[in-house]
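Please go over the structures that come below.
Consider the two complexes below, in which chain A is the common component and chain B and chain C are the respective partners.
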Partner chain A sequence: MTVKKTDGTKLREGLNSFLTSLIAIVLAMIAGSILISLVDASPAAVFSALFKGAFGSGKSIVGTLNRMAPILMAGLALTVGNSASLFNIGFTGQFMLGSLFATWVGVYIKLPAVPLIALMLLAGVIGSCLWAAIPTWFQLSRNVNFVFSGIMMNYIALYLCNWLIMQFPGYNAMSNATPTIQESARLPTILNSLGGVNSSIIIAILLVAVSSVIMFKTKVGFEMRAVGANRNAALSAGISINKRMFQAGLLSAVFAGLGGALEVMGSTYRMQQDVQPTYLVMGIAVSMLGKENPAAILVASLLFAGMQNGSTMMQLKTGVSSQFVMAVQGMLIIFICSENFITYIGKKIKAQKRMKTEV
Partner chain B sequence: MEKEKIIELKNVSKVFPNGVIANRNISFDIEKGEVHAIVGENGAGKSTLMNTIFGLYTPSSGEILLRGRPMKISTPSDAISQGIGMVHQHFMLIQSFTVLQNIILGAEVGNKAKINYKKARKEVMALSESFGLRIDPDTLVMDISVAMQQRVEILKVLWRKAEIIIFDEPTAVLTPQEIDEFCDMVLRLKKQGKTIIFISHKLAEVMKVSDRITIIRRGEVITTKNVDEVDEKKLAVLMVGHQITLGGGEKKVIESSEKILEVEGLAYAENGVNKLNGVSFTLSPGEIVGVAGVDGNGQDELVDIICGKKKPDSGKVEFMGRDITKNTIGEIRDMGLATVFEDRHKDGLVLSFPLKDNLILGYQARDKYLKYKVFRNEKAISEDAEILKERFDVRCSSMEVPAGTLSGGNQQKLVIARETNFSPKMLMTVQPTRGLDMGAIEYVHNKLVEHRNEGNGVLMFSLELDEILQVSDRILVIFDGKIVADLPNKNVTKREIGNYMLGVTKKEDHDSEEN
Partner chain C sequence: MWVFLSYIFTATIRLGTPIALTAVGACYGQRTGVNNLGLEGFMTMGAFLAVTGSYLTGNPWTGVLFACVAGAFMAVIHGFVTITCGGKMAVSSQALVLLSTGIASVGLLAVFGTMGYSAQVASITKTPVLANIPVVGEFLSGFSPLVYLAVVIVILLNYVLYKTPVGLQMQACGEHPRAADTAGIRVNLMRYIGVIISGILGGLGGAMLSIGSMNLFQEGMISGRGYLALGAVTLGGFSLKGAFFASILFGFFDALQLYVQTLPSFPIPSQFIQMLPYAASLIILIIGSSPKRRNKAPAAIGQAYSFVSGTR
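Let's turn to the complex of A and B:
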């Protein structure tokens, strides 16, 4: 029998990265406050309105939860790629193709709810993976940078979807959208007394667990993380770098596609032309805040969903444009990137304290 | 005559927040104008101690007196203003700046807006003259040798008017000739009245330059000796705590006619340069073959071809009778040819991963470590980690800590533990003791011989001739991409091997013009 030893190392590391993330958030709020002061509004009022809009009432919490699933999926997709040092900037295109494939199934395939929903998820995965395979293949066989081709694939995806949406039988020219999916293809809502949360969030949370198992509990995940953490050591250990990076790219695309499918099944019920989802940026931020830690990824996506959701009330109450939220998100990314800077400041403060106690 | 004590340590202890006690009740003093060596194994606490004196760490208890008064230093710039300078093991130079710019950086002459280069150059040159440290002030640091960079570091410290100079492992990066020059330089600095603190585990140099030697083991001062009271052997025993015998101990005689490895006519060129020109040799069970040679004569390419990273242009590698020339690294390792690569940080370990994960790296696909062929078998992984930790005496607080937190010796133990865990028929090691201290070197040598005595083959590449002579059964010398000598290790002298290494072969007896 093995005795479970208490091990402080992991806990301390976790705490440290939690603290740096927290400090980044505080710094972003301070920088945001300066921005607000510049337009002659009160930072306190703006942030409290933002908070109330996000988490202040049952209704606002429901709204936040409804926005959370795609952000969470974006965070997962980016995290999985990052751990094999693969920046999946093509997420947006994959997400759209996932949505499109799922929509097609949801509109035309006549099946009862459970198999239909499963089939739509599968369709989303297929659409997304097909789309991701193109730049990944170019990268691995022709050494075309995945990041650049990924950006271009996002544009191609937008116009391809525009065209494909028009080809749907029953294309709705009034709203420039596909027909809506069948009732049986829609995800049921929960917490109906508060206004209803679509259950895609539950599936998304389950997927966090799944990704965590894949990355930390399987051989393939171990090898992917080894490739990301030290490519040379992975190579010397006999791990096929290309294969694992390709798989990490596909896995990232799987989450992107599932995200696209969930969005259709849970909230939009159809696909519209000229709408490019903006979850990529939030996904990047979530994966940076989350640092491969599933719980942190959940909290970070809740935070971002809250900001999105609270921005409307903030604009109504204080007159500050809801775009302001994007500025705060941008600054948040900058401050997370400045992790080294934060640790440096921390050390300085410690040294100062030491001086004081010694004198 | 009683000499002035310039630094005095009284019961200094340093406990890190994670509970590691790096220094325990350290007491000794440093006299003005002496060369004081601090020796100890890697991880004995030397660097912590120096960083404490230099002001990077605050002692947890005890006090340090500087010129008789309690020392108040909390940053390196405080230390510099009090006349303490440190030459770090890893140089802190800006590669794209000139030598002059690097020396004056942070202590420039001129007004706030403009550096007076003319004046600075004159003063720096005068300084370098006065210490006999000649430099070329206008060369870029990236274009000068490591020894020259060290000289720049020393001048940087002198430029800041340091009276006490701390050298952290200064000879680790130097060639034998450069080490001699370094020793002369230290003696010159001493003559000019500087106090030198010299941290090292290379005992030859320590004996050569020091006046007094303080030995540290496991965070405690064992003793301080005058240099005439000890010799290298005694120092080694004091440092490690027991008698040291390099070479790995007794070698069993193993008779075998089979061959583990047969390399035949390997040729390999890179960017039009021939790296290997027909390399052939064999390795038998129960044999350690040492490959000697000056760095860059084709060793790296040979290693990469044998382990499967590179494919030769012609020739073949046979392992246990099978042609492995076209196999991948993973396949070759699975057949039982394990490799301990030269750079453990680059190729051997994933420093951010916990120890237990590093112990399965490369072996993660073995059935033992898997459940249902897909999932990691955490229980088996942890159990094996604990067993290997015990057997290889890896010193760590737990197998969950990242590999990057271990000392070099413990990291190397980790790599060797992993690569021998599945008893490979052949172990290839490249510079297996680079950067290790005596205790760890002894340990590695023992393990190599142990592996050999089990009837396996060991192919050891090393740039250290002593090591080749101590450990090998047979010696190969590689020069210019060819094996120029293949000798049993009997009555072979260092000089003889050295001649082969430089291409001055005995029979032809010609001087190579290109070295």
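Let's turn to the complex of A and C:
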């Protein structure tokens, strides 16, 4: 009986958070429509082109799925950090270093496919963890603001990668890129009849499961979440806060590095100069929509991958800049951030109704 | 040598002013207790709307006005999310950056019909009025009037924050909102004012970059200067004067970086030179902080005080 009761409240909570997320999405679309009308285009045409480009045909669905893996990894990285109340804004730099290390292995180490791919993933993790350890360590030892140092590390990573890419033997000066990785380092495609979905998405989905096992079924994960939920309570329960936060920072970086490696193995096959990935903000949005729920994280990253994929067709058909999706994503985050307001209004309306029925 | 010094000095002023304006504004926001990492967004909107205003009316000062309004508009959004709703400040700031990048890009295509760059517009990079002053006139007139405006604003704001009742009330909201509330101060109103001042100055900083030192808008032209302004606030110990001088220091590193890039056959690769402003600010901050040093940030920074989130 009691079990059933807790299930009921859980279900209701889940439904409520789903509803607020849905309201936030609708509000973001309305605000986006206002922006579109300001630049003299038709909101209906823009959104339908965006949707068709994202999910309209088999080919576009394949494209969306192919873009999903790094977004999913960004969502996981930010979710893990948020659980320990650590805002991993240095994600971008970690992702780039992860890609770079993985590319290096993919180009030069001669191995058969399976060990090579495993080694590339490992290299990505090492690169990103080295990069993340610097700001995390300075935060804990010298009290240097983690967020600020993370932002600076992102810019430093961009220029460092620009330089390192030029040091690759066989650097391609025409395209400002590293040589492409070996055939055996590329992830195979599945569902080839539809046009070939990259298997990076399978690895990414497996990692979602791994992350929720770590966060919800192990002691380390539990203590990380305890630190995030209430630092003082965690301290008095004997949890070593600094240690757990350092671990959470590194775990977040692990997902960043895996994301970087998956992107190289799955879609780009090389690394280009002056390309700063924009997965950080998508990761923020995914982690806020996902709320530590694996299924919700999957749906949210599918949504964002769709938006990225559909934006090209939208620009072709309607002449609205493809960066429009950035504005929509920004507004979406703003509305999710103000979800307290939505629940507050909901409570007010309920209270008023109760007043009326009592009168 | 003389050429080098005068180049560095001019470039430091030109590049330091936008950071200084934004950082001084940010101090107001931080002092009232609202953390804001989204200064980059204020600057982007300011830079873009300054160029748009100048393009539409032909008068660069309209552009400056547009920039201030745009900054204030973004600030109100940040204020609503964080002050009224108690949302996460760091996350809302990132959304502002994203939103402003998106709006600038969509607007660029809609207003100018181009991607990446805007058309060239009327700008205010010189102050011809000052040319009549003997000896130094020619030198002084080489700066944008916005530089002089910035000096006036910084002195004025410094006076307001530290010497007037309103300024002290604003600081109280950042130190202990509940105590301030008990003393009859309208905490959230003060916080809104702080954030809006931050937005206006951030917009002005963006305008200084686009029409104060160039004559067009270019996507990504802010390139982290908003974040440098944030670093300047931290480095300056959350005081207005400190933030101002720290910004000038960052402007100097930026100027140095530009100068060294113009040298032919410099031994260090250009990527490391481009890294300089960011690496220098990080290293200075690491040296400047220690576990024992008292944290100078306002005590209640980042804490919402609102009925909506139940923290009041």
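Operating definition for what follows: the second predicted complex is superposed on the first by the 341 of 359 C-alpha atoms of A that agree within 3 Å, B and C clash if a C-alpha of one lies under 4 Å from a C-alpha of the other, contacts with A are read in each partner's own complex, and residues count from 1 in each chain.
As a working rule, a residue touches a chain if its C-beta (ideal position, glycine included) is under 8 Å from a C-beta of that chain, and two chains touch if they have at least 3 such contacts.
Note that the coordinates shown come from a computational prediction; the quantities given were computed from them, not determined experimentally.
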Fit or clash - chain C, chain B, common chain A: clash
Comparison of chain B and chain C by chain A residues contacted: C
Partner chain in contact with A:F222 - chain B first, chain C second, else both or neither: first
Which superposed partner A:N230 touches (first chain B, second chain C, both, neither): first
Which superposed partner A:W163 touches (first chain B, second chain C, both, neither): second
Which superposed partner A:E263 touches (first chain B, second chain C, both, neither): neither
Which superposed partner A:E292 touches (first chain B, second chain C, both, neither): neither
Contacts of A:G238 with chain B and chain C, given as first, second, both or neither: first
Contacts of A:M331 with chain B and chain C, given as first, second, both or neither: second
Chain C collision site on chain B, chosen from 91-99, 145-153 or 343-351, when both complexes are overlaid on chain A: 91-99
Set intersection of chain A contacts, chain C complex versus chain B complex: none
Residue ranges of chain A touching chain B (in the complex, touch as defined): 2, 5, 7-10, 12, 216-220, 222-223, 225-226, 229-230, 232-240, 351, 354-355, 358
Residues on chain A engaged by chain C in the complex (per definition of touch): 35, 38-40, 87, 89, 138, 141-145, 147-149, 151-153, 155-156, 159-160, 162-163, 166, 280-281, 284, 288, 319-321, 323-331, 333-334, 337-341, 344
Chain B to chain A touching residues, read off their complex: 18, 58, 72, 74-75, 307-309, 328-334, 339, 341, 346-353, 357, 360-362, 364-365, 369-370, 374-376, 378-379, 382-383, 397-398, 400-401
Chain C to chain A touching residues, read off their complex: 37, 77, 80-82, 84-88, 90-92, 94-103, 105-110, 115, 224, 227, 230-231, 234, 269, 271-272, 274-275, 278-279, 281-282, 285-286, 289-291, 293, 295, 307-309
